[in-house]
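Chain naming follows the written order as A, B, C, D, E, F, G, H, I and J, and within any one chain the residues start at number 1.
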Amino acid sequence: MLFHVRMDVHLPAHLDQQALSQLVAREKAYSQELQHSGKWPHIWRIVGEYANYSIFDVESNDALHQILSALPLFPFMDIKVTPLAVHPSDVNARGEGVT
Amino acid sequence: MLFHVRMDVHLPAHLDQQALSQLVAREKAYSQELQHSGKWPHIWRIVGEYANYSIFDVESNDALHQILSALPLFPFMDIKVTPLAVHPSDVNARGEGVT
Amino acid sequence: MLFHVRMDVHLPAHLDQQALSQLVAREKAYSQELQHSGKWPHIWRIVGEYANYSIFDVESNDALHQILSALPLFPFMDIKVTPLAVHPSDVNARGEGVT
Amino acid sequence: MLFHVRMDVHLPAHLDQQALSQLVAREKAYSQELQHSGKWPHIWRIVGEYANYSIFDVESNDALHQILSALPLFPFMDIKVTPLAVHPSDVNARGEGVT
Amino acid sequence: MLFHVRMDVHLPAHLDQQALSQLVAREKAYSQELQHSGKWPHIWRIVGEYANYSIFDVESNDALHQILSALPLFPFMDIKVTPLAVHPSDVNARGEGVT
Amino acid sequence: MLFHVRMDVHLPAHLDQQALSQLVAREKAYSQELQHSGKWPHIWRIVGEYANYSIFDVESNDALHQILSALPLFPFMDIKVTPLAVHPSDVNARGEGVT
Amino acid sequence: MLFHVRMDVHLPAHLDQQALSQLVAREKAYSQELQHSGKWPHIWRIVGEYANYSIFDVESNDALHQILSALPLFPFMDIKVTPLAVHPSDVNARGEGVT
Amino acid sequence: MLFHVRMDVHLPAHLDQQALSQLVAREKAYSQELQHSGKWPHIWRIVGEYANYSIFDVESNDALHQILSALPLFPFMDIKVTPLAVHPSDVNARGEGVT
Amino acid sequence: MLFHVRMDVHLPAHLDQQALSQLVAREKAYSQELQHSGKWPHIWRIVGEYANYSIFDVESNDALHQILSALPLFPFMDIKVTPLAVHPSDVNARGEGVT
Amino acid sequence: MLFHVRMDVHLPAHLDQQALSQLVAREKAYSQELQHSGKWPHIWRIVGEYANYSIFDVESNDALHQILSALPLFPFMDIKVTPLAVHPSDVNARGEGVT
């Protein structure tokens, strides 16, 4: 089941450089583990912004919230989730989507 | 799997009274069938507006789009879907939600 | 009398971890007491956000404000209240709602 | 129980002058009947706009929706309802409001 | 001359509890003095928010700004003023308002 | 008493050219009469838009609404009124404004 | 070069059913041709809305505008384009993206 | 050449009272010098807000930016500039404005 | 003197194809004449939208409004004008801009 | 390939004057180097705001993000990128743009 997610990162001013580096490194490791598992099939940087558009493929809403709320940067992010359905024109879709 | 849905109805001026009545009657029948099936457990009128907040309980994003796009009033509605997860403070939740 | 409430939590950076844990624990206890009393029949986590949609069932606007303003996290929340009415298509409604 | 209501009127272009006059006359009669009953204690014109701020005093959310949705101009209005509580500084309040 | 005013309070995090209590007490005293004078005939709490809707009855725009900018909480408030006129349907109006 | 007013004109498509010319001519005559009376001391075109910023000098909110609602283009305008006070730095002000 | 595109369809009321069916059929054929060419690698329906999120992979901004402005439904769409870059955490990226 | 300017002041919490008084005094002196020069013909307080609407009369866009960016409060202001043209109905205009 | 202008075109549904073609042709001729004169040095299509960003170089606000309001598509456009100044980092600027 | 970029600078309050001067000097040097290379052909100050509109001419979305995210002021900026295409009326365009 696919979800479209936009994440905007707003780092607080008080974080020191080392804490920040560790945080970003943990975020990257966590993200790549989920990408390898197939649950986070796409992640793109939005040009000019500290933000990304991502696609998640998970079995439920609860599974998605569990993943997102465990992001190391979660306390510093605005996240907006949009559920996706098969598009009726999608040539890769297994069945037929509705209009 | 639960979804929060807001529907705002904007009827076009050109609809005659009879066509409108039939449309609304079909909408009501369709909605009540889904309520009886357990897929549309809650529907509330927003006071003062031709709009509702609803909760849907369906097995997938695709199932929800199929239901919503088949609403007789769908062409005249603005619909906004928000996926819901178990809240960690919910006393009725079966398991434990995440923060 | 039903109300739809959206709560968004914005914790200040200066809270230390222990104070925060106590605050969240008090919030949970307070919420669950109200749920058990029947005044807070539904609470759902919004996927990907530190926010919830809730339904309250109280006898008056004043009762609702008293409940909300006593939330331990109230000083750190944006709250938006929408009054709800019976929907004319609601199969569970006791009487008939208006259009 | 008090509610703050903003109503914005958007008359459709196709209404002829006579139908419009009748509509506005019915709206005025309906409004004044409710004012005399004590359910619509205040109505003010917003300067420069075809809009009003009103205060309603009704026994429930359902009663308010019933009143508003029966307004002759309802199909041509955007209505926004905000529930009100006693303010703790209100010198006219019977009891003490909460913060 | 009537004005509709919305006030939203945003207290800064750095205020200590005692300073805050004194500030709120001065605000209440100031507000009640103006209510007794007839210049602030209505104040309502917006349910779930640290905000109010108020009606002021003053002789001029300058008089209103003088009153509002002297509010003890003024530096911590967002205030939005809307001028009001007599509504043509108002049963309590002395003369006839315009459409 | 001064008011800042923004007017945006949205002419409906169905108006024929002659009706439109007469409407605009009546609007201009009405505006100039009010300018000569001193009640409409300033009117400026907003560059690139069918809109203006104006300053009105009238004795009351009701007087302003009476003037604005009688504009020949009133049914085709969005109007936004902001009450103005003397600025404490204004070198032309008769008295001293407050901060 | 990747672009994120959101398309919202707003069909005019005056289109008859046959013209509409032909338009939608031409849109589908055009979209699928571009999908097969590799220029439109992803298209997803936004649940509950007559809208989609798409990813385009084209050689230039001009190529993208040429494709989008030739969509049969282009005159009835609101389209919002966001340029995408490689995300530094993307496990499928060929090189290393920047932060 | 006339410009409409809205300035909103947001003073930072960390400014001590003396620094603030000096800043505001310098702002007032600077503003009054420009008013006397004819470059800042109007300044009005927006009722209830720490904000003003102003009219500037300068020879160029660059001249206006030079004036505004030298305001002592510039680092603490949100400023919005709108270029103005002669209105065709303006009775004080030297020539004829365009529609 | 430079201005940044965004133009969004919204053609009405009732225009027939021939009238539209003539309108667009007149718009193009008018635009190119101004480009050749040096008053409209840049025009760019916004990808995916019936809209453009343009730069105008004119002697005054009034000159700009005269040009824009004479655009053949002016009645069908939303136009937003932003005055520009020399940027202090601009290597092509003749003098020094201010910060 | 052209991009329209708006940058808004929000400097944090805690930066001391010397660190700020160095930051701004590095920003200027970096910007001018890119301007000389032809990749940043235009930069304009938005009158009255600590903001600029810029045009970038780069070979790809990734190249643009690399440039923007390396701006010394990047952590303190809101940046909004819009891809541009040739406008069909552009007299300087090499080929013919599409509508």
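Some notes on this structure:
Heads up, the rule we're going with is that a residue touches a chain if its C-beta (ideal position, glycine included) is under 8 Å from a C-beta of that chain, and two chains touch if they have at least 3 such contacts.
As the structure is a computational prediction, the values presented were derived from the model and not from experiment.
Chains making contact with chain B as well as with chain I: G. Think of each touching pair as a link: the shortest run of links from chain G to chain J has 1 of them.
Repeated interface: A-B and one of A-J, G-J or B-G share more than half of their contact pairs by residue number, and that pair is G-J. Put simply, the C-alpha centre of chain C and that of chain D have 26 angstrom between them. If you average the CA atoms of chain A and of chain H, the two centres end up 44 Å from each other. Counting only residues that touch two or more partner chains, chain E has 2-3, 45, 47, 61, 64-65, 69, 81-86, 97, 99. Viewed as a contact network, the protein chains fit none of the simple shapes, being neither a path, a ring, a star nor fully connected.
Applying the touch criterion to all chain pairs gives A-B, A-C, A-G, A-J, B-C, B-D, B-G, C-D, C-E, D-E, D-F, E-F, E-H, F-H, F-I, G-I, G-J, H-I, H-J, I-J.
If you check the complex, the residues on chain E that touch chain C are 11, 13, 45, 47-49.
Residue ranges on chain I touching chain H, taken from their complex, read 1-3, 60-62, 64-66, 69-70, 81-86, 97-99. Contact residues of chain B toward chain G in the complex are 3, 5, 12, 14, 61, 64-65, 68-69, 75, 79-81. For chain A in complex with chain G, the residues that touch the partner chain are 2, 4, 24, 27-28, 31-32, 35-36, 42-47, 50, 52-53, 55, 82-92, 97, 99.
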